[in-house]
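Down below is the structure, laid out as C-alpha cells.
We just call them A, B and C in the order they show up, numbering each chain from 1.
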C-alpha cells in the first residue's frame, strides 16, 4: 500500500529466491517420482503362509509411502514449533516465533494427511476406519487437535508480542502433553494394533524399501520448501507492518491538526516540534 | 527500526530524570500496530497535579497505563518514580505497587460490598498490617494478627482504614455494606477512588475521576486529589471537567498521541 | 508486597466469597452439570445397564463441561473490569495469583463432584465399592483440571473470543485426566476390572506438571507484551 522503495529495508514482492525455486522444482519432480514408484514400481504386499493362503496388505500398502513420511514430518514440524517457542521465550527473537508458527501450520497439514491416510488404510487392513485401541492413532489425533487450537489462537487478533509469547507457551504446554497423552492412552487400552515395526513386519522387497526412502526424501524436501515459504510470508507481513509504522506514526500525529480544533482554538500546533516540555 | 530513531530525536536530557515522579521523552506506545502514543513528552514533579485533556482517542488512557507500567514502551524513554520504563519483566516492576491507578471503568467486584472492595485493595497492597498496627498505637508486633485484618478490622472500635477512606469520599455509611453492583455509577466511582487512596500511592493516575459524580462529589474528589498532592504525591488527572481545583493547574493537551502545547 | 501464602488466601477467599454471594456456579453451573447427566440418560435410551456401566465416564464428561463454565466464570470476575491489572499494580506474585485462582476453582470443582457423584448413584444406579479410591481420584483430578484450567483460562480471558476458544484449547489437554479419572472411578464403582489405584499416579503427575508449569508461566501471561 505504501511506497517503500526508499526504505532501508526494501521489501521484496514475493517469497521465492533462486534456491527455493530449484528446491521447488526438485520437490515437484520428486513427488512425480514417488507417484511412479508407489503405484507402478513397488509391488503390492502379499505373502504366502505355510499352508498356502495368501495374506498381506495388497494395494493398501501403497498408502504407507505417504502415511509414514507425513507422520514423521508432522512430528518433526511440531518439534520445531516446540523448539522455536522455547528459543523465542528465551531470546525474544521474532525470527524463531515465525519459524514456530510456520512449522505448526505445516505440521497440522501433515498430521491431517497422516490421520486421513491412516483411516483409509485401516479400513481394508484392520477392517475398521478408526481403532480406539491404537495408541499412536489416538495420540496423533490429540496432537492434531492441540495444534489446531494453537493455530486458532494465533488467528485471533492480538497484540503481536503478547500473541507470540502466549502462543509459545501454548505450544510448549501442548508438546509437553504429548508423552502424557501417549502413556495414558497406552495404559488405557493396553493393547495396540499398530504396525509396531512396519518395516520388519512387511515382506520387504527392495522396491518397497526404496519407495519408502523416496517418500522420506520427497517429504523432507516438501517440508523444507513449505517451511521456507511460509516463514518468508510471516516475515514479510511483519516487515510490512513495521514499515507501515512510520506512516502510522505520521498519520497519528496528523490527527492533531484535524481533531484539536474543538479542544482549544489555535493554529499551527500540528507543526510544533515533538518535544513539548509542559513547564516553562 | 527507523521509526525508533525518528521519534527519539531532539529531546532535552539536561534535566535529571530522577527529579520527577514521571518523565517521558518521545514516548511511543503501540497497541497492536496502532501508535496510541506517538511521541509524548511530559514531566511531572512530586507534589504536582497535572491535568491532561484531549479529544476521544487522543491517547489519554494509554498515557496513564504507560505511567502505571501496564503497557510497554515501544520507543523513546521514560522514568516513573525513578524507574526506567524500558526495564521488562514483572520482577523489574516492583515500583507499580507505589502507583495508584483509577481506570475509566471502575475495577470493583460487583458482588462484594463497598467496604470489602476497599479492604481487598488494602490487603493486596500489604498496608493492612501497617494500618492495623498504627491504629493500635504501633506497639504490638502483630505477625499473627495480619491474616485476620480483613474480617476484624472493625472490631477495634475505631473506624477502620477502609471505612474512613469511604467516609472521606462522602459515601454514606449505610452504603458501606451494600454490594457495589447496587450502587449508582457515581457512588461506585467514590468506592474506586477510595480503593486507590488507601494504598497511599506516590503517583496517582486518575482517568476521569469526576465521571458521573454530582457537584458535591466533584468537589470532594478535588479535595482528595489536592490533599494527596499536598502530601507529596504526583497526580495526573485525565478530565474534561472544569473543576474548582483544576482551573489554575498546569494543563497539557494530548492530540494524536502527543502533547500539543502547555498552558503555564 | 505481601507474603505469597497470604495473597493466595486473599484471592481464593475473595473468589469464594463472591461465589457464596452471587451463587453463579451454584445456581447455574451445578444444575447444568446435573442436566448433562440427565441428557445422557435420554441419549442412552434409559438403558440402566448401559448407564451404570458408563457412569464413571459420563460423570467426568459432565465435570469437564461444568469446569469450562466455572473457569470462564472465574476470569469473568476479573476480566469485567480488567481487575487482573490490580494484581499487577499491587505487585502480587503471579504465582500467588495463579494459586489463588486455581484454589477457588478447585474448591468449586470438589463441590460439583460431590453433587454429580450423588447424581450418578441416583440416576444411573452406580454402586460405590471403593470410597477411598473415589475420594483420592476425585481430588487429584480436580487439582489437575483446576490448574490446567486456570492456565488456559487466563490465556483465553485476554481474547474477545474467550468463550469459544477455551474449550478448544483446554479439552484436548485434559484428555489424560478424563482417561485416568474414568478408569479410577470405573474401579471404584466396580464397572471395569482394572486396578484403579495405578491410575492415581497419572492423575497426580498431571496435577503436578500443570501446577508447576502454571506457576512458572503465569507471570509472563499476566503482562502485556
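We take it that contacts are C-beta pairs under 8 Å (C-beta built on N, C-alpha and C of every residue); 3 or more make two chains touch, one makes a residue touch a chain.
Everything quoted here is computed from the prediction, not taken from an experiment.
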{"item": "Graph class of chain-chain contacts, one of line, ring, star, complete, other", "value": "complete"}
{"item": "Pair joined by the larger number of C-beta contacts - A-B, A-C", "value": "A-B"}
{"item": "Distance from the mean Cα position of subunit C to that of subunit B, given in whole angstrom", "value": "36"}
{"item": "Centre-of-Cα separation between subunit B and subunit A, whole angstrom", "value": "45"}
{"item": "Subunit A and subunit C: spacing of chain centres that average the CA atoms, whole Å", "value": "31"}
{"item": "Shared-contact residues (touching 2 or more other chains) in subunit B", "value": "72"}
{"item": "Subunit A, residues touching no fewer than two other chains", "value": "158-159, 161"}
{"item": "In subunit C, residues with contacts to at least two other chains", "value": "220, 223-225"}
{"item": "Contact set on subunit B toward subunit A in their complex", "value": "1-3, 6-7, 9-12, 25-26, 28, 30-35, 38-39, 41-43, 50, 53-55, 57-58, 72, 250, 252-253, 255-262, 264"}
{"item": "Subunit A contact footprint on subunit C (complex, rising order)", "value": "151, 155, 158-161, 165, 168-169, 172-173, 175-176, 179-180, 183, 198-199, 202, 205-206, 209, 213, 217, 220-221, 223-225"}
{"item": "Subunit C-facing residues of subunit A, complex", "value": "89, 142, 145-146, 148-149, 152-153, 156, 158-159, 161-162, 165-166, 169-170, 173-174, 176-177, 180-181, 183-185, 187-188"}
{"item": "For the subunit C and subunit B complex, residues of the former touching the latter", "value": "1-2, 6-7, 9-10, 13-14, 17-18, 21-22, 77, 80-83, 85-92, 94, 219-220, 222-225"}
{"item": "Residues on subunit A engaged by subunit B in the complex (per definition of touch)", "value": "7-8, 157-161, 241-242, 244-246, 248-249, 252-257, 259-260, 262-264, 266, 269-270, 272-280"}
